[in-house]
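Following this message is one structure expressed as structure tokens.
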Amino acid sequence: MTAYGYELAGALRAGQTVLTAWSALPETGFVGLVAGAGFDAVTLDMQHGGHTEQSVWHGIEAITAQRVPAIVRVPVGRFEMASRALDFGADAVIAPMINSVDDARAFAAFMKYPPLGERSWGPTRAIGVRGIEGGNAYLGRANAETLAFAMIETRAALDSLDAILAVEGIDAVFVGPADFSIAWTGGERLEPTLDDMMDAVAGIATRAKKAGKLAGIFAADPAMVPRYAQMGYGLIAAGFDAAIVRKGADAVLSAARGDR
Amino acid sequence: MTAYGYELAGALRAGQTVLTAWSALPETGFVGLVAGAGFDAVTLDMQHGGHTEQSVWHGIEAITAQRVPAIVRVPVGRFEMASRALDFGADAVIAPMINSVDDARAFAAFMKYPPLGERSWGPTRAIGVRGIEGGNAYLGRANAETLAFAMIETRAALDSLDAILAVEGIDAVFVGPADFSIAWTGGERLEPTLDDMMDAVAGIATRAKKAGKLAGIFAADPAMVPRYAQMGYGLIAAGFDAAIVRKGADAVLSAARGDR
Amino acid sequence: MTAYGYELAGALRAGQTVLTAWSALPETGFVGLVAGAGFDAVTLDMQHGGHTEQSVWHGIEAITAQRVPAIVRVPVGRFEMASRALDFGADAVIAPMINSVDDARAFAAFMKYPPLGERSWGPTRAIGVRGIEGGNAYLGRANAETLAFAMIETRAALDSLDAILAVEGIDAVFVGPADFSIAWTGGERLEPTLDDMMDAVAGIATRAKKAGKLAGIFAADPAMVPRYAQMGYGLIAAGFDAAIVRKGADAVLSAARGDR
Amino acid sequence: MTAYGYELAGALRAGQTVLTAWSALPETGFVGLVAGAGFDAVTLDMQHGGHTEQSVWHGIEAITAQRVPAIVRVPVGRFEMASRALDFGADAVIAPMINSVDDARAFAAFMKYPPLGERSWGPTRAIGVRGIEGGNAYLGRANAETLAFAMIETRAALDSLDAILAVEGIDAVFVGPADFSIAWTGGERLEPTLDDMMDAVAGIATRAKKAGKLAGIFAADPAMVPRYAQMGYGLIAAGFDAAIVRKGADAVLSAARGDR
Amino acid sequence: MTAYGYELAGALRAGQTVLTAWSALPETGFVGLVAGAGFDAVTLDMQHGGHTEQSVWHGIEAITAQRVPAIVRVPVGRFEMASRALDFGADAVIAPMINSVDDARAFAAFMKYPPLGERSWGPTRAIGVRGIEGGNAYLGRANAETLAFAMIETRAALDSLDAILAVEGIDAVFVGPADFSIAWTGGERLEPTLDDMMDAVAGIATRAKKAGKLAGIFAADPAMVPRYAQMGYGLIAAGFDAAIVRKGADAVLSAARGDR
Amino acid sequence: MTAYGYELAGALRAGQTVLTAWSALPETGFVGLVAGAGFDAVTLDMQHGGHTEQSVWHGIEAITAQRVPAIVRVPVGRFEMASRALDFGADAVIAPMINSVDDARAFAAFMKYPPLGERSWGPTRAIGVRGIEGGNAYLGRANAETLAFAMIETRAALDSLDAILAVEGIDAVFVGPADFSIAWTGGERLEPTLDDMMDAVAGIATRAKKAGKLAGIFAADPAMVPRYAQMGYGLIAAGFDAAIVRKGADAVLSAARGDR
């Protein structure tokens, strides 16, 4: 079996725009269909979606079998799950609500092996799924080739941004515009594409780049993708699974009805 | 809970075109997403797809919760499963390879209660899923409101078509153009839209109508739907689940890349 | 592990009344709860209930772990599944719609090893679940200790009753009063406790006894049980799983509301 | 699909007694049967029961499909799961072992959107299950209509009760008499109905009411319910799932044996 | 993804001995471990083992991902399942109890496309799992590259052997020595390695070869393999899954106890 | 049903060497096969393996049904899961990365009932699985008969070893040589059997014994077991599930090929 290596880190560091599907429905076959449908990556969402340890275990296998990078978003503060996601073979972990340097350090500790962090050894599954040649080969590559994304989605996080970016072991930030808009409006409005928030959003990518780190963002509307890419975001989430099905049905039904 | 009654039979008898999605992937949440995406019906395929008793049990619930009719295609000769599909709450059952009057009679016997057929009593699940008021109400309605589709997909079936259409308890025929093209070419070619087969295909709908029965067909390409509808086909399968996902991904990715 | 042997056959042959719960919901933990709640046996229904190969595989283990006999009703004509149910460790199989001597012979062939029948060898799972000492011990006991129940539920079956009872390998009949009432009324009514049907029902048990065979019946209402027992029915189904939950909730809620 | 809105908060605030079943067995169909059996609510127990992210995802759908409120008890300190339970569509979350104001604040932060708390945005599933009209409608209602129950079950919690009740975002307390009795007796005895504990128990409801908050309790014996209701407890847990099955079997077997 | 083509047919036709593991436990991860452990093929047993449509759907994917051929044994007479196993991507199907030419013809009809048989079109899953380039490519290869094994395990089958071997579409026979020994002893003994049966067993392979067909057999004891191979058996089943685990544990425990 | 009591604690306190299999694959039937294959115990790994709440719930039942002790390793810091593992019926819990006295105290608090710790009451499942006679009997035995293993696998842990051993409620230490070797080499090498680490390893067992506590260790190579046993380690992990399958396949294939 020719396994699929870690290619996400390299692609992002080379400046490519990586469009990731965003999976909430914890069903492996469907995850595999999405992974084979043309996206550059698939993210399994354990924070707000239905993904669980079990569906992540199976889902990473289904995604990488399609030769596509697999990303996992863990629930708030579930840093032990960040380690497990790597153990299960993920290319990257997105941790929500990293609002302080302490949060960032705790996350990094679970994502990186010593001496950088305190990740515990046990990547047997990842080694199998990824086709790595043995434990020491994995140990030598893991810290560099698997990525820690710290979510920036509150005012507190924004205030600590440079310090968070300076934490060793944090490879990237990831902006959550929905939460950010709630924070921005003092809990008044959900409006991920709020115009007067966009300078701040652009600034995050700029500061990440200056710190030598990567940046990602969730695009509630795919039409925002080019704009985010121009701001410097490399990893862009651009397709909820339910939206994919709805748009696919539209396309089929239009064709069937002779609409085009 | 307001349950969803049997509306497929009425819609088809009223001459409506019913576009059904075609589900091969046996995952309930995904089936529910498809059911909620705009199709007029969803068909669960146990013959060539991965659906099983278990996924049909759950899938019919997921489909009817979206107020959409649920259809089941059973494997060749699994007529006891046709009864079970009705017991689980299906609106209709499609039985493949009904090549003779004997096949049609055996299928009808499992689909209809006495004195019309020999279906055995036990629709507790259907009564619950459909919100029917008790056993005798169900008994009074089931033979008329749930539909038996006999697949016509070989030369033998075509030769016996009028006799099959005359079998009491067979409500409709359903054409399988893929198998039909293999039969038509003596095993040489798979070509569901083979041009010189189209008169025969059109003839099936005509003869069904003349016999007072309904007709359905599988459209390998959604663009065929208007033509089939014009021939007199009421139930038209027009969207594999994998195609839905692929087209949905295309739409999302096009938008994300600014292609339109 | 002290396994649970085959005790159903002996109990019925000794003239005991065996009350079996009737399970439609294919969930193993719930089956285990029911098995531990006081019934003399649990029947897993694959004909009209949601049970599948998988839920029968797990369910028999859960039932026998409670030291209770496990019975499986297979779908119409699924005699290969009758063999599998025995291979999975069942005490008995109930086959619906045994309407002729041919039906009975086909069923018996799948239930009994040669020279009595043609059951194929492979009871590894049963041997494990039941704690039998090796293959030849199982072979020596299986034909006698596992039971074939032929369902009598149509007029045709009634007409052939004595001949069916005479088939070697058929250990017992099992009456389905729901289907029987539909047959009795020419498809007009579902009425399992129809009074003018009761003499015929009683006659079935009498004739089974005369033929040296056992008899069972489904009691739509538990209040019918004493009457059926008096007619000579040994195995009586007396508790749908949904009814158990509803009555249990009634009892808890009455106590909570101080109703008693 | 007519979805089921959030009605638990209103019922409790109106002073109604809400009897909730208590589910430990993580099987969706069984949860649905219990939800349809007459209880005012169903609680899925992730602390001591077998419920998991997956069974809560499915269970909330099964419960609300019966138009019954769904409550989730999370494991000790799993506050991110409290958020997820709301994201999955729960009416309320019960958090065990809230022994201090810090515990209460941490819990509230995960249960309420800013500015009250720090709950992160992502209720797509809840919006679907509950039939809410879009994100901002949900944002406007969630803090008020979903409830945070802080469990009071140690001496430390009792000592801090008024301060806990004063925490914004804590809507209610919930008494765990089993743990409370172990604490009360210094680890000597499990005795949830311990008499000399009852004044303290009654006092908790009184103080909650005075603070303008709600109160709930676990009734180990359904006969305690009227007494607890009189003390001022609105949400009362009164039926383990295993007890429901056992009592239901008793009722069926009594009827079958002619005991009544 | 580099998929794994059909290599079993070629290996057997080239005279190689193919040792297949025999899987009864319907758990996909375990099936994958076995497939990666060195066997030449893995057979999923739906007749006496716990395998189901679902576990075969997933199991074939797990086996072929290890670049190992996947074989399915179907229950007695479940020929529609034989078609489905091929649709799911199997290399071969073993059908038990092929006791007559009629049995053999019915089996072959479901295994081969027209004009040879009547297999119905729908191998979407197989095409995906196997990486075939489109439908007509599959149609052109399937009849030759997927194999129908007819089990010879009764005296009736032995009597009809040459006629069975002459049935077009039957590619091979497969001997079941357990059933054969029960037949041989008139139901007296289970003794798969019965000495005076061995000439008959050897004769089956000889006659298969003469008819230009392949032969396989189940080796109850791995030590029988060389002898069977010498008789001319190419496909030899040589490892129950439970035995693999037991022997693996023995090896680990011996090493741990310093036994070697 | 004769349930299986808690025997692990007694065996270890009596000085026996207990060899535990180490399960990563979250499949219940396979766990049961391993439990029945001769090991003295089975450990379900939730830290680096695929085990989840659900697979632990089912797995403990499968293991104890074989009359073998069940151990659970939880993820880093998931102490609420330690409580749940006991509630599900485990004999012992292994907690990774106990690097300080604070870590040890937090772990112990979740493992022991008051007054020793703060474990919350709710062992209904354990009482059922283990056949304990009621709640107070369980309360009286649990603290002594279920074991808390604190993993020692960093330099920090080694530095605090005596203080960790002194924490009430910590019954034992468990050495993780893989992580220990990474720590020992400053992140340079994974080498669980590193020679110059062995004195330190031996010292841990010695100090545990002096403190009146038990000691366990993971043996990457079964050949290390006798040496570890001699150092004073009682619980020794000596068989990954994947290794068991591979070695079992080797044994079967060697026999089949006539290698011995």
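Think of it as A, B, C, D, E and F in the order they're written, each chain with its own count starting at 1.
Everything that follows uses one rule, which is that a residue touches a chain if its C-beta (ideal position, glycine included) is under 8 Å from a C-beta of that chain, and two chains touch if they have at least 3 such contacts.
Note that the structure is a prediction, hence the values are computed from the model and not measured.
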item	value
Steps needed, at fewest, to go from chain C to chain D via touching chains	1
Chain pair among C-E, C-D or A-B whose interface repeats that of B-E, sharing over half of the contact pairs by residue number	C-E
Separation of chain A from chain E, taking each centre as the mean of its C-alpha atoms, in whole Å	44
Interchain centroid distance [CA atoms averaged], chain A/chain F, Å	34
Interchain centroid distance [CA atoms averaged], chain E/chain F, Å	40
Numbers and ranges of chain E residues touching at least 2 other chains	26, 50, 52-54, 242
Touch list for chain A against partner chain B, complex	19, 21, 25-30, 33-34, 37-39, 50, 219, 222-223, 225-226, 236, 238-239, 241-253, 255-258
Chain D to chain A touching residues, read off their complex	52-54, 57, 80-81, 83-84, 87-88, 110, 113-116, 118, 120-125, 135-136, 139
Interface residues, chain F side, partner chain A - complex	24, 26, 45, 47-50, 52-55, 75-78, 96-97, 153-154, 176, 178-179, 182-183, 186-187, 189-190, 240, 242
